[in-house]
Amino acid sequence: MPLSPDQQAEITEARKDTQPTLRATAPGMEKHLYTAHPVLDHGFVRVVDYMGDDAAITQAARVSYGRGTKAVSNDEGLIRYLMRHWHSTPFEMCEIKLHVKLPVFVARQWIRHRTANVNEYSARYSILDREFYIPARDSLAAQSATNNQGRGEALEGAEAQRVLDWLREDSNRAYDHYEAMISTAGQQGLARELARMNLPASIYTQWYWKTDLHNLLHFLRLRADSHAQYEIRVYAEAIAAITADWVPFAYKAHQDYRMGGATLSAGALDCVRRMLKGEEVTQENSGMSKGEWREFQGVLGERK
Amino acid sequence: MPLSPDQQAEITEARKDTQPTLRATAPGMEKHLYTAHPVLDHGFVRVVDYMGDDAAITQAARVSYGRGTKAVSNDEGLIRYLMRHWHSTPFEMCEIKLHVKLPVFVARQWIRHRTANVNEYSARYSILDREFYIPARDSLAAQSATNNQGRGEALEGAEAQRVLDWLREDSNRAYDHYEAMISTAGQQGLARELARMNLPASIYTQWYWKTDLHNLLHFLRLRADSHAQYEIRVYAEAIAAITADWVPFAYKAHQDYRMGGATLSAGALDCVRRMLKGEEVTQENSGMSKGEWREFQGVLGERK
Amino acid sequence: MPLSPDQQAEITEARKDTQPTLRATAPGMEKHLYTAHPVLDHGFVRVVDYMGDDAAITQAARVSYGRGTKAVSNDEGLIRYLMRHWHSTPFEMCEIKLHVKLPVFVARQWIRHRTANVNEYSARYSILDREFYIPARDSLAAQSATNNQGRGEALEGAEAQRVLDWLREDSNRAYDHYEAMISTAGQQGLARELARMNLPASIYTQWYWKTDLHNLLHFLRLRADSHAQYEIRVYAEAIAAITADWVPFAYKAHQDYRMGGATLSAGALDCVRRMLKGEEVTQENSGMSKGEWREFQGVLGERK
Amino acid sequence: MPLSPDQQAEITEARKDTQPTLRATAPGMEKHLYTAHPVLDHGFVRVVDYMGDDAAITQAARVSYGRGTKAVSNDEGLIRYLMRHWHSTPFEMCEIKLHVKLPVFVARQWIRHRTANVNEYSARYSILDREFYIPARDSLAAQSATNNQGRGEALEGAEAQRVLDWLREDSNRAYDHYEAMISTAGQQGLARELARMNLPASIYTQWYWKTDLHNLLHFLRLRADSHAQYEIRVYAEAIAAITADWVPFAYKAHQDYRMGGATLSAGALDCVRRMLKGEEVTQENSGMSKGEWREFQGVLGERK
């Protein structure tokens, strides 16, 4: 169960009644407020607060570009124009604050997005809970044979079972010792800031994470991508679903121009032009390396 | 008149009715929403949106520090503790978005605060209005004789009048020529992005400016300070008054620990200790330079 | 003459003799050190310092990706891989520090790149020189009839002459009054921080500007682009030429994948696939707006 | 042994001969270049590159403040002035790049300093080494009884021995299983990105970390402080010693005004003034809370 009784009580309290406000509200987002969306076996994502909506993006763009932007007939068209032309500052005018519970090894990837505000649970001050990420059996992927950072097929049979057993046993033993080390029953008790280092990276932590929409979309581009590790991707996907309800025009434009789009190099564009003229273009006469050509073929092939 | 009829109409519309929201609301801030607080002769500051309140700061701190923070009996005490110990991340959990109209030379100082989101009116796309900052007569300060960056007494008589006349005439002539250069009546018309360079730094621009509370307080510390140029200080003071209504505990703590406080060097602390023991400490035996000693005397003297 | 005698003397002194160092050096960059490359009528760009070279990028990448990166046979191949896959952090391991002299209206665009360190000449403390940007006659462009932010043809004949006269006269008159206002001969003398607001945006300022290679390349992508205003583009081009000598592999990869490349949306990619299958695709059946289709045609057309 | 044979060979190669450069060099820093300073049981800090020296700080300040700064007679005086008045931008003109090997739980604190460039060893791509931080016996501190985040006395006797045994046994067992899970001998082999989550936070990682001097000094203020966890403080102290050789004036000013100084609140300053007039000030009549008063007494007492 991802939420503690205290947290659940706090959410129930917060959802009890609404306040009147003069601020812009996003109806699609109000329904997500405080609700904990479960991710992985013990994690969650919940919206704590937000600022702005699709109209806040165009409002800011119109301050910048003045009359010019009035020519664009509607908000969606303007948002698509801004996205297409990499005018990122109007998207920074929206902000989101999330409460996230996540394994430490996921947190270590996530924190690399520097343009965000974070308050993480401190294991120097407080005692961590006995909660570890144990993958579902079909997420127990083998190392990819072709890709240093990728996953292959799911492990099978005895091998899978042995992995699951070790992950469970080692984390529980580590936690038993953690508890025993910090205990002050009949002993001094090791400092929490030291004892925590016995705990594995599968342990759950939690934080408040606040960022603007531009940086959120950048996070989604990298982390909701098929190359991202599965365990962070499921968080990105949960946030993407929330974002689609919050700022539907911006989300749609991001899907079209970023998630579903591709950047072609000067050489790749030249190949496309030659192909459209009917020329037979191969890796050999493309000017591309083998890796680049393979990726180029992927872009021209059917989308998943 | 700071606001255009269009902007006034937009504000009236926005203030017409409230929306229900589940988000935290700050009652003291709701009353400021959209209201344009006049600054200088044509400028203003108005709150477009905000996120969070005093409780959002302690809520984030409690995620980080867990049980420890429950020992602190109330929100104000915890906020003072965080401020005193430079725990800045919980203050980053609040956000404010302002619409500001300000002279270009003020904007040039302001933009140096890099940790903010900005959408400025673009003079490449749009035509600037004929609005220039002309100081009030008692703000027409002379260069300080003792301080390279300071102001002395106000100019008097004919000198003051001559300055005001030049500021008015030069800016109006520059604007006449700006208009004449971009005009397409009977001529090609110079590009706006070029014509604007004839306009002086006293011309007004406007922008949306969004930042978190930690960075806002840092801005106030530097810009609401007596060493800041008067023309940016009045903006900082207007924002300070709004902040006092938005997050009263945080604002009060900032006044006590930052605005009204002082940082003493190791040497200065040592002097204080010697003085408290009854020793006669002078600049000569203080180990401080003359400039440092003068500032130290200022700190120990009565506050303005 | 862009450099003052003092600055020229400082440069001559600095170039007089070399120091031995254990740091990585980029031979192509050493020759640029301190040399002021002229830009516009009074501006310049000169390299004050730099850190790292192409090898510093791959060195950092190999810390991150370990054995995987050893498979890539050489530094250039690895740099191209990193650029293609948006692995930006290794490029952040190089740093450059420039001294730039530039008109204020260019500085106002430039400063929007927030991830940089800047020390600008302060007109609060010091007195500005009488140097204004006056465009060359063939840079006196008309406003584009089709594009709110663009330029059309150069102005001609009497119109061009009138513009040049006004730019010269207004800036000189403003400077005369600036001098007269701050003068302390027989009067108090207006504070510099106030007097400067009479000066137009064509006046030159200067700053030290320091940034990492990733952010420098992003700056070049936006500012060396054909949509950038001519007056900032010439600075970007001067810096691009320096960068090509500093980190030739990274620069070349950036040209191929960013400057000369293009991002296609999901819809545009789908059109390319349909066209390659022989289908007749028009704006009407493309799913694109008119503006988007026009841009798409531009990408598929011949490069300039 | 902190450095691998490969790394040692790379260092020896790099130190073999110097290159001539026109850049500013800091003789005190050249001697540190590449040398790995040991920290904790397996960690190290080594300087990979640097940009600038004390003179680079004053050079940048003189661009900003022009003539005014020439009045300050020497570089050290100007640097002290800048530090005292929180003029931070000139300090940003120096840059340092470090290669650091450190336990993961230390890395997790360190990475919270967002204004830095980082390339960390990736456990998705590569295999971690069997190296864990095992505290020296006298660093095995008990939890402080009075301070939620502090340490008390060192553990003694059997309790200390039991902690050391667990830390060693649990980390080694976790590593045995890590190796066995990723092994492809007779099995598929678990993906590295999953297997790593079994490893405790005491395992060593490494990264390239690059930051400017202003942010480095801020890092030192927080992490070389007595309230910082011992295991990060020893890294900060190693870096502080390097910094003292690199920019001796800036380092000395930082020691005086930041590390050894203290910020007094408005209320505390008022108490100092009353005490200097001979008034008896107690916590009760001070207007301070108990915690604040205790800290205030600490500041006025003798320094450690």
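Worth a mention:
A, B, C and D label the chains in the order they appear, each numbered from 1.
Please note the rule applied: a contact is a pair of C-beta atoms (placed from the backbone, for glycine too) under 8 Å apart; a residue touches a chain by one contact, two chains touch by 3 or more.
Remember, predicted model here, so these are calculated numbers, not experimental data.
Counting C-beta pairs in contact across A-C and across A-B gives the higher total for A-B.
Spacing of chain B relative to chain C, judged by their CA centroids, is 29 angstrom. In terms of their C-alpha centroids, the spacing between chain A and chain B amounts to 35 Å. Distance from the chain A centre to the chain C centre is 33 Å, each centre being the mean of its Cα atoms. Residues of chain B found to touch two or more other chains are 65, 67-68, 118, 122, 125-126, 148-149.
Taken as a contact graph, with one node per protein chain and an edge wherever two chains touch, the assembly is complete, since every chain touches every other chain.
Only residues 103-105, 108, 111-112, 114-115, 118, 122, 124-126, 133, 135, 140-144, 148-153, 155-156, 159, 162-163, 166-167, 170-171, 173-174, 177, 180-182, 184, 187-194, 196-202, 229 of chain A touch chain D when the two sit together in their complex.
Only residues 65, 67-68, 71, 77, 80-81, 84, 86, 148-149, 222, 255-257, 259-270, 272-273, 275-276, 289, 291-292, 295, 299-300, 302-303 of chain B touch chain D when the two sit together in their complex. Only residues 14-15, 18-25, 30, 33-34, 49-52, 56, 59-61, 63-68, 89-90, 92-93, 95, 97, 99, 117-122, 125-127, 206-208, 210, 212 of chain A touch chain B when the two sit together in their complex.
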